[in-house]
Amino acid sequence: MLIADALLQGILMGLLFALVSLGLTVIFGVMDIVNFAHGEFLMLGMYSVYWANFFFHIDPLIALPVSAVVGALLGLASYYWFIKYLLRGPAIAQLFGTFGLMLFLQYFAMFLFSADYRMIDKGLLVGKSLSVGPFIFDWTKLAAGILSLVAFAVVYYFLHKTKTGKALQATSLNKEAASYMGIRTDRMNAIAWAIGGGTVGMAGGLLVNFYYAYPMVGILFVMIAFACVALGGFGSIKGVFFAGLLVGILEMIFPVFGHLIGSDFLGPHFKFTVVYLAYFIIVVVRPQGLFGWKN
Amino acid sequence: MEKLKDALNFSDFSKAERIGLIIFSVFLLTFPWIGAGSFTTTVMIQFLLFSLFGMGWNTIGGYGGQVELGKAQYVGIGSYTVALMMVWWKVPFWVSMPIGILIAVGYSFIIGYPLFRLKGHYFAIATICTSLVLKDIFDNWNLVGAAKGIELPIHDHPDFLYMQFKSDTYYYYFIMALFYIGLFYMNWFRKSKLGYQLRMIKDDENAAESLGIDIRWCKIKAYSIASAFVAVGGGFMAVYNLYIDPASTMELSLSIKIALMAMLGGAASLWGPIIGAAFLVPLDRFLGSWLGGQKGLTGIDFMIYAGLIMIVSAYQPRGIWGIIEQFRKRGH
Amino acid sequence: MSFLTVENIVKDFGGLVANNNISFAIEEGEIIGLIGPNGAGKTTLFNCIVGYHRPDSGKVTFREKDITGFKPFETNRAGIGRTFQIMKVTTGMTVLENVMVGSFCRTNDRNTARGEALHVLGDLALDAVKDYYINELPIAIQRKVGLARALATKPALLMLDEVASGLNPTEIEEVVELLRRLNSAKKITLFLIEHIMEMVMKVSQRVIVLDYGEKIAEGLPADIVKNENVIKAYLGEKYAQGL
């Protein structure tokens, strides 16, 4: 029973994790850059919904597009004002560059919003739950899971069915060939960053319904996203979806196991340790990801 | 003997650099008489400590070109070994610190073996992961004080065996000695076989392999040397602060700072980590005490800090030393 | 037993067979050319021997030692040196330092390594550029640096991947001279991939021809140019007309 419940909760979280990781894998696929600031896009997405709710009393659910737009603009701004210049340098500079961006955004948030933990306490779904048989779901988490799935599907459709999306995929497969076909790499990169920022911003908007917003919240989720992306195979969209689900389930079910066998060492404190370990083991043992897909 | 000569031989540097080193050394030696307030001494100790960390990182990160972002775990290993052995069994610093180095080196081999199957981003993230796992464990492990950390017993009298002194000046000279050992070691290292091989690996791994270099083994060796350096610094932190916890010794931000100082100063250069630390430590400290203290300005110091990283990585990935060298070349 | 024996090498890149059942042998002191059209599997074959790829099946024996599946650094230590078709243009090390890395393969002492590197550089007439970085040099010199680096590891067999491409006729002439000298004076066995037909035919004592991953001919240069399969596969009309 406990396990079934954890499984269901895990799936909901997993859908959200998949959405969080989606942008990271898209950007990696198109540009071979790992964006450390990805978690900070999420954090600012969280804050945008929080403040929309706080100042204008907009329901967090309705304010969701705000977070997506904020995320996408942030992605675009980062690309045009910063990342573009990093591309000229070696890979090590790119890593440090996005790292700098991460720190910058963290402390920018700290400066603007202080280090306080903030959570939304009123809203259409906040605090309400739905019971189905023996299972009780928080509406906020249910909404997060379902809307994440929808958003993921939309992006998936965009990438596979529209002209721009296909161009993006082509760039991801072979940059040089794509540029010969008349695809403008620079524009593709910008689109990747917009999608990356938009999806993760929206994920933040969903997350803030049931999780604290604070300036350093990003690091935790970026690590989860790294694990998902590694698990799914760097650059793979299909892969990251299932990897997200898997990590979500793992994260929920792990403490349950610990509880069942009565071990403190498998307690909830360690649920993210498992994620880090999972990343480590996966990239060492199977660097192509668990599923080995590359679209 | 030959090695010692190599370590003390700075003759392949330009005259300006050698004079700079002498002036800098004189400054370091006389600092306690000329500049010392308790705040400035603290800043200087931090500067020397981070130079030491940065020099260690420079082996694998600078010369070897591997983006290593998990050095904090070795700070943790070094400081916890010293602290725990002192608390549990009253082991003197001079015994526990070498043991700390041994543990760090042993651990680095165990972790390095799988770690160096990885390259690029995969590697960088994996190093973060290993460090965070260790921190999580220490954060929840009651035997070692969990997140509360541990306090070292304070002796009534200054005690050289346990490295306990009343005045910071003693700590200053101690870390300065470690700094010079590190500097001389690095001066030898950059000219050693391993140093050359690492630079080749950084330039072109395929070519390096074709020249008989066992890439993975070379990286592991450099990684363990870096870990030893960092563990020494960690041991010093334990006796200097007399209190350690996972947050101050194993935090991700510490790993970043270590890598960053070397990068910012100029990776793969002997002076790089020192310049980086000379720049960032005071900046960090003064900005922190000047801006951080004022209400409503929290975070500005780190924003400036992060802005610098961004500018350097976008415009001069070879760091401050790279900029200096660029100017010098133009002068020719 | 031959100096280098390659038996039934197969390398398949997920359905694309780059090397199909290739066998040949090289004797000590020979100069062997390996030719074939683009995509014939020449570089793959090199990589299978040197260890950048692990052959799916087959066996490589060098000086009576089974080196199949050895890593590149192990084959180098066993005595096989190689150069690359495309030399990565790097900014991190000077020419001398590059060659010293090669010497360090056989010694731990810096002064010995330096002495040997200088010797190799002198031998290839590269003394003048020893303090330059690779990116500051013209391509002909870069190639020679690659060669010097490999020579510094003191190989018994040197495998050269298109040393002459991108060079002008005078430079090619120089390289040919150099290779002959290395072969006769230093007793180094040479195995070279080459595109420039004139050069292969001039320098090689024996030529192996690959096409679509298969060995289609092997023999003396004079016979190879007359071989019908070879003409069809590779030499094409242009060279055939010239005969």
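When the chains are written out, they are named A, B and C in that same order, and each has its own residue count from 1.
Just so we're on the same page, a contact is a pair of C-beta atoms (placed from the backbone, for glycine too) under 8 Å apart; a residue touches a chain by one contact, two chains touch by 3 or more.
Computed from a prediction, not measured in an experiment: that's the story for all the values here.
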Thinking of each chain as a vertex joined to the chains it touches, would you call that graph a line, ring, star, complete, or other? line
Chain pair with the most contact pairs? A-B
Distance between the CA centroids of chain A and chain B (whole Å) is 32
Quick one: chain A and chain C, Cα centre-to-centre, how many Å? 48
Distance-wise, how many Å sit between the C-alpha centres of chain B and chain C, to the nearest whole number? 43
Listed in rising order, chain A residues that touch chain B in their complex are 28, 34, 82, 85-86, 89-97, 99-104, 106-111, 114-115, 215, 219, 223, 226, 230, 234, 267, 269-270, 272-273, 276-277, 279-280, 283-284, 287
The residues of chain B that touch chain A in their complex are 65, 67, 114-115, 117-118, 120-122, 124-126, 128-130, 132-133, 136-137, 139-140, 252, 256, 259-260, 263, 267, 297-303, 305-310, 312-315, 317
In the complex with chain C, residue positions of chain B that touch it: 6, 191-193, 196-197, 199-200, 202-204, 206-215, 268
Per the touch rule above, chain C residues touching chain B in the complex are 50, 52, 71-73, 76-77, 81-84, 87-88, 90, 92-93, 97-98, 100-102, 104-105, 108, 110, 113, 146, 149-150, 152-153
